[in-house]
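Both of the next two complexes hold chain A, though its partner changes from chain B to chain C.
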Partner chain A sequence: MKLTRRSFIKAAGATGVIAVGATGSKPMLQALAESNGTEKAKSMQGEWRPTVCQGCTTWCAIQVYVVNGRAVKVRGNVNSKSNNADGKVCPRAHMSLQQVYDPDRIKTPMKRTNPKKGRNEDPKFVPITWDEAMNEIADRFLELRKNNEPHKFVLMRGRYTYLREILYGAFPDLIGSPNSISHSAICAEAEKFGSYFTEHNWDYRDYDLKNTRYVLLWGADPLASNRQVPQALKMWGEVMDNAKVAAVDPRLSATAAKADDWMPVIPGEDGALAVAMAHVILSEGLWYKPFVGDFVDGVNRFKQGATVDPETFSEKYTYGIVQWWNLELKNRTPEWAEERSGIPAEQIRKVARGFADAAPRAISWLAPGTAMQVRGGYAAMASHALNGLVGSTDNVGGAIRKSSIPTNGIPDLKPFMDDIAKVGNDHKKMDQRGYKEFPAMKKGKSGGGVVTNRLADGILQEDPYDVKMAIGYWNNLPFSCSGASRWEEALTKLPFFVHITTNPAEMTMFADIVLPAAQSVFERLGYIKSKAGTIAWLAMNQRVIDPVWDVRVDETEIPYMIAEKLAEKGFTNILDYFNSFKDPETGKNPANSWEFTEHVLKIMTQPVWDPAIKSNGDQFRGWQEFKKIGVWNSEPYKFRNKWDDFGTDSGKFEFYSESLKHALEKHAKKHNTDVDDIMETTKYTARGELAFVPHYEEAYRWGDESEYPYIFFEHRSRLNREARSANCEWYQEFKDVDPGDEKWGDVAKVNPVDAAKLGLKSGDNVRLTSPTGKIECTVKIWEGVRPGTIAKCYGQGHWAYGRVAANDFKKHMPRGGNNNELLPADYERLSGSTARHGGVTRIKVEKV
Partner chain B sequence: MTKVVTSNQSRANIYKLLSLCYQPPYEDLDNIVSSLREEIDKLPAIKYKIGTLAEELASCISDLEHTKVDHAKLFIGPFDLLAPPYGSIYLEGKRKVMGDTTMEVMIKYQEAGLKLDDEFKEPPDHITIELEFMYYLIFKELQGQETNEYQTEFLINYLEPWVGEFCHRIIQNAGNDFYKLLAKITASFIKADMKVNSLVC
Partner chain C sequence: MPNYAMVIDLHKCAGCGACAITCKNENNVPEGMYWSNYIHRTRGKFPNVRYEFVPTLCNHCEDAPCVKACPVGAMYKDENGLTLHNPDKCIGCKACVQADPYGVIYYNEEKPHNFWSDKEEAIEKGTSSGKEVKEKYDAPFPFYNPDRAKTYAGVRPKGIVEKCTLCDHRIKDGDVPYCVASCPSGARVFGDLDDPKSEINKLLNKYSYFKLGENFGTKPKVFYIREF
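== the complex of A and B ==
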């Protein structure tokens, strides 16, 4: 029998003693339990157990060395066949050891006892039981449904596993809310815009580094940050032996430092370089003719300033090369680009020639730096289109896609959706996607994508309606979204907010209830799909240690527990649906939240582990073997499969994007206007047919140059586990592995020329002010940024993230400043993306 | 009963009651605290040192909600756990739980025939567990098992070396007097018990 505290005190009161031994009574234990000899001292011999690192979106299959239930070491999964197969991982995976054992973690459900919300309000959290938490949450849902307003619930998703289908997918649907809002648009949707509207690929690309002869990086820093970091770390020696590398980046990044050419572009002017390189490639006859085709008579008519007759060119796998030249490229000379980009014409020419000479084994590697700008959609298209010019798309040594990964969906939920839910789901979404100024054309559909950062305004303006309840998981929007203060206001306004999280964050400060989530590497179940080096993989997050605290799996266990409570109170639909998930092996229904989680995972991954199903990769003898190995690898990528039909409107690789034209015209029609008006509304300068081709757009910046003389830009750290690692001592202690940065610090990197003008020296404290915000940090004089620009790494500036991350949590003093408090909330509107790059704002610098 | 038995009963009870005091406070806190005072009163050497503190402790439970908030800030967090209740933080000097010493403590429990209770979800070197372990060892001694050496070893190697710094952090950071007094009582009791206990050996 388990003795309660009450019975313990009673015994003490009755006998005057508690520890009576003479009567043969049992000791009264709460924290310990007698093992009756079953719990022998465990062996100190450890074992490697498979799981996944989600510190960036490479999503590496890894292994954890576990001794006596405790994680002590991490390596790449040796069963992975991608290029990180030999057990290598980047520093992020190692840092997860400090995250999981962080004493500042959320350990138990908690509730706020101070009803006032705000940065300076102490939430006064106290622990509650899971049952109390579920009870309160269920009551709120039932209240919304009773009033026929279930749509006023918002689910805010951050990072995820594919078990998101439950919490982010099925659960809001069955409650009756259309508001499953993902974080994708603060990640890199504008990048996908570039590859989608040229070759119908709404995804990140893979790169065949092994066979490449030229790597042209557009703001990408693969040795340090997203994506495919371990592959790059392992392969880069070989790449440097076999290929040339050019890095377009306003900062001397880790990769730029090792490149043959560093092109420190004026932030936001990347598009000028891309179109000038295209101009060089065409005017010098360097395009890859087996892919693009050639002039019918073999005579190159791409002469500077000359309009070309489309009839004279015979294209093969591409569409609109001549229109692109005529509409955009014919006068985009390197000299023209030099004036805008700050990069010498000769260097532009040299890189363009080198890149094209390597065709088709030449990679144009598009990354957020070039895409996530106010006018970045077309820069993304232009830089990606270079892969079309040299025929490297979908080709050996080029920019490729991923092999398919076979998975199952979840069972049909329609039979479980009642009328209240159906009506609720018909409402507009709170992020204003599809509004005239937010086309967010994921896969060509107006309003098809998310406008994450706009949700704050939706909540504040009650447009399209007011929000009464929200759940957020694996996210920290008041830190990770530009215009961060709007999020603090929006979260303050929410009447009821639940934050599900492993580590506390700024967002947690606004929660009414906080629920402890299982940590993604060590404690949860889940699965991910990813790719690198021509191999696609499916790997499982597994519970490889005994969780230290009272955690649950965010995407499955928590919705199951809410469903149980809702059923107790009379609304059984969701639990009925969840309980219909049968174990594919035994046919049994789940009896609890953990079994439910296992069933979801087994159902969705069945095509890779079931020996009866033939897959395009590893075959397993069954579930147990798959669990033990932890990763399924595809067969190597099959090149040039897309060439015959890219899936675009023309079926070809589009330099003149019929797909974009079609999408823009549909969006314009929806708002009873024309494409020119949409261009203007979305802050683009192009008019007419220019809107349908990759083209140069002048950088859009906030702030007048006379008041804000410096262009501010930010970059990523090789230690950011999605900006969640700042409370790790290793993060702070090794922060100087980011070029120019300092240990335990947050520096604004200033060129010596500017520092002299401003009278600044390294270590000075400064205030950076933009038209929309200000932060404080220290100065680092550094040659790795060009004069006129100031660079700062993203990741520091936490004010509520744990003892290590903040300078002084009690006094609300951050360690440095969060860039997102400086950056205005602006967007690449065609994709819905947050425009955090491209020097979106100017700033002034003052010594403090 | 002999004097040793009586004093061991009180020692056991004090460890157990202190252990309970570090759990989140509920309505029964009054009873726990008054029992603690009674047990302290039974040991003259201890009473001499902390009897007054124990009396004060009993008189300063006023607002349970406030005490809950204070408890959470000190021992649960989140954001900035003010007095981490985990041995390894102090013994190993890193802001990280589940250190090597945590595992050593776990092995001590296992050797004594114990495991962590499934419902008590904290690392093995949580203050509540270590105090309860001391209670258990004394309890076993009262039942006739030779655990005295175990007690001394555990105190010297695992509990006493960090309790001083832990209690210091509580005293520095507690929002009200309850946990400050509890910290003083805990630190003094363990120090005194170690002396008494080593003399017995």
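== the complex of A and C ==
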């Protein structure tokens, strides 16, 4: 594909503009007649229709302007009451127009005709009908069930709406497979670990930006990436007027660029900063006494190096402040942290004091950068625990939770589950969750959470057993998981793989059957739940235009169609179950896959649209009105309603985590060992009681410094629609809105000091090599990264997905290189998370 | 008559680029052209580094050199103080491009939006082509905005120039320019410079401001307040 790149304005500075004007070589008059669209338009005859943007995890309620059946523009839903109201939305949402009309979308079901799989194999896809596709898929399911091995089917879920309850929830259950494997652990489970084992909140926090006086960001870049980008964009001017902002980030991020303090931490050493700040807050008596309590006699005994008698301190809403001090904090001085983190002690002190002075209106904003590290579980706890020290948790101007969003579950499926399915469902899951080395303790339960990235190894090692069939939807695991080459091998090994996708993704290239998915903003049905600025909302994905191609809704229509085919062949349970979903208004059973989808949606969202049900938010006159408005808003969040009982084992905000102790001991017991052994197995250095408090752990890195001199770290793009937007021309044309990045490019950002050593200049092509992989990209010399570290944005490096995303789609040539081919597959094992951050690997750099 | 101008609050601006992207959307601007654009730079030495981002657009200068340079009157000042371009008069000589010190006028060297004429398919018969998608719709390209054609060529043809009109088609209907409407940070304010009560005058009275290329003698009407 030929894409021209006309020159664009490059100017040296704000007051001395040097124009490099666009010039052409043909100054001739051209016939106006060849133009399209020069006709004087009739007045615009369009309509704003509500739907949802899932370009990041903010999940904004938006509206699409539809003119003559075409989607023309996008804006925030004006009925939204959160801070992303006013019809405003971040740059991502607009790019969705180039996704739905992307010429590289899959337009028909396809079948592989080349049995050989691999990156360099042309799958030789040929179009087939939906009926042919369903026929083949149903036969495979029946074969598995006939052999009493339905558990050898794996459903791999990526992004989702809550209609996931059908394809990810009910469908595998009724087939007989426990293997519903979600993508959650490549997202941010380690972050939830931090707030769960301090205050029993396995969720992302909301932030009361309106009332805050200090924002301390831990690898968070709210002006650019999740989880509430439009609220941050809207509020940041006001935040900077009213509050101080400090950004802990190894890269000069979009938010760090506007912060009062940038703390370019050595990747993976975030925990040192967090415990040193806690040390300052305690030793200088700056903690928030109405929340934490005080020494009985009011005399501060938190003196450096001193062990404190717990009896001398009377805690209020917290638990274990003295134990935390004694076990971890007493010698964690800013000077000690400076050596590890690279951040001057004085800056640590200044930020800690500023943060505590703002108490309780001070936010410690935990994000994947600090949490999704091999030893990030405790860094997540430590940075979140700062909210406890300043009493900002669940408080005005602080880090808060969300109002409840009332929804219904789906009807009971047990009566439809046969014996083959019951036996199948009893097998272990393929992602090795709950193994000794993968505690994945979601909500404190060993094996309670997913270990997404381990599935590839499960498949390759046939541990716990071999997989014979898989369906993947709304995901692209060989692109989005670190150790990406393992996924290429695992997918090559799979005997039968179905990919439901909008685009020919990297994952699609390994599929036996490809099914075209309805695009999430414009063509599907679904609903999401989210929160920002004290408002929680439920919004619906709606079909706002006729689908561009013959697509189906992944989560509901496709399982329904498979169920129809299974019924035709004699296995009727699933279709019987699906057909039992009655329309809550008419009582009618569904007649087809679309009606089924509508019924699921109406059933699940009934508590918000049914006028007979009182909700804690907007009331509607009925389904039709809710559809038209498209979003339900909660009442504003009520602060401090968790203070009296956080739900932890102690009921308090835990600085000494009885909850974590309990969880670790249970996991150890399950494997007939002790917690120290679990710590060692999961790559943590803590022994004894240190495992139960937020503490410093030295960064874990792959690669020997002598062979791999540079610490590599990655970050997110403000234009990534979760790595699905690289095939949009606008993504490429505006890639330089990520500080340090280049249009149409994929750059490794190198400090000038290192560039000089390496003899590199901006624009040079380089190969980056880690102990597990290598990629090629371009160099950008930039002061926004620390000497000794190299930063690169995630999102480019597609060798498939489309002709814009890839440098040469047909030759599988990537545009730049995918970070995940460089990053080793490693984990924050206590949460099951993929450890993509914290400088998990060292690399070497060679000019090519 | 009003004298339209814009104030951009760099303190509120988050450098997200929504202005530049949505401008393309509103005005059907082809690939490689940036009616709404930005300048960014990184200054200083690690760790004392500053990143700056300045959104840019046509300054709708009171003394517009592009207007003076145009030999056929295609580039002109309208009664509302906007610098506009008449595609029917334009001969594509690019004198305006040469005269414009801000680099905001673009020349259509090729047929615009040729992405949508392309016949190549990534996967033969399995995926589509630009041409095939375009032909499903009665429009120059699928998300073409017909509103743009109310006052200007909906898509500007090969051989002539094009530029920001401050969304004169929206202003005419009482709306604000699309970059203002879609800025998620509320950093852009549009209004009448001759109306002392306008929001932009309030801001210009409250804050000190600068303009781009003030020494060019062009009297630009895009004002910047505060710091990024």
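Operating definition for what follows: the second predicted complex is superposed on the first by the 804 of 848 C-alpha atoms of A that agree within 3 Å, B and C clash if a C-alpha of one lies under 4 Å from a C-alpha of the other, contacts with A are read in each partner's own complex, and residues count from 1 in each chain.
Following the convention adopted for this analysis, a contact is a pair of C-beta atoms (placed from the backbone, for glycine too) under 8 Å apart; a residue touches a chain by one contact, two chains touch by 3 or more.
Predicted model, so just to flag it, every value in this text is computed and none were measured.
When the shared chain is aligned, chain B and chain C each come close enough to touch A:V514.
Shared-chain residue A:R786: touches chain C; no touch with chain B.
In the superposition on chain A, contact of A:T113 is made with chain B only, not with chain C. Of the two partner chains, chain B is the only one touched by A:P547; chain C is not.
By the touch criterion defined above, A:D104 reaches both chain B and chain C.
In the superposition on chain A, A:V467 makes contact with neither chain B nor chain C. When both complexes are overlaid on chain A, the residue A:A563 reaches neither chain B nor chain C. Applying the stated contact rule after C-alpha superposition, one finds that A:E729 touches each of chain B and chain C. When chain A is checked against chain B and against chain C, the one touching more of its residues turns out to be C. In the superposition on chain A, A:P504 contacts both chain B and chain C. With the contact threshold set out at the top, residues 2, 5-6, 8-9, 12-13, 16-17, 19-22, 24, 27-32, 34-42, 67-68, 70, 98, 101, 103-108, 110, 125-127, 504, 514, 548-549, 729, 802-803, 809-810 of chain A are in contact with chain B in one structure and with chain C in the other. Of all the residues in chain B, the ones that touch chain A in their complex are 8-10, 12-13, 16-17, 19-20, 23-24, 26, 28, 31-32, 35, 38, 65, 68-69, 71-72, 76-81, 84, 86, 89, 94-98, 102-103, 106-107, 109-111, 113-123, 126, 128-129, 132-133, 135-136, 138-144. Against chain B, the residues of chain A that register as touching in their complex are 2, 5-6, 8-9, 12-13, 16-22, 24, 27-42, 67-68, 70, 98, 101-108, 110, 113, 124-127, 503-504, 508-509, 514, 547-550, 729, 800-804, 806, 809-810.
Looking at the complex, you find that chain C touches chain A at residues 9, 11-12, 14-18, 20-22, 24-26, 28, 31-34, 37-47, 49-54, 56, 87-88, 91-94, 97-98, 100-111, 113-115, 118, 120-123, 125-130, 132-133, 136-150, 153-160, 181-187, 210, 212-214, 224, 228.
Residues 1-17, 19-32, 34-44, 67-73, 75, 84, 87-91, 94-95, 97-98, 101, 103-108, 110, 125-127, 223-224, 230, 232-234, 236-237, 240-241, 252, 254, 257-258, 262, 264, 504, 514, 548-549, 718-719, 729-730, 733-734, 736-737, 739-740, 751, 753, 782-787, 802-803, 809-810 of chain A are the ones that touch chain C when the two sit in their complex.
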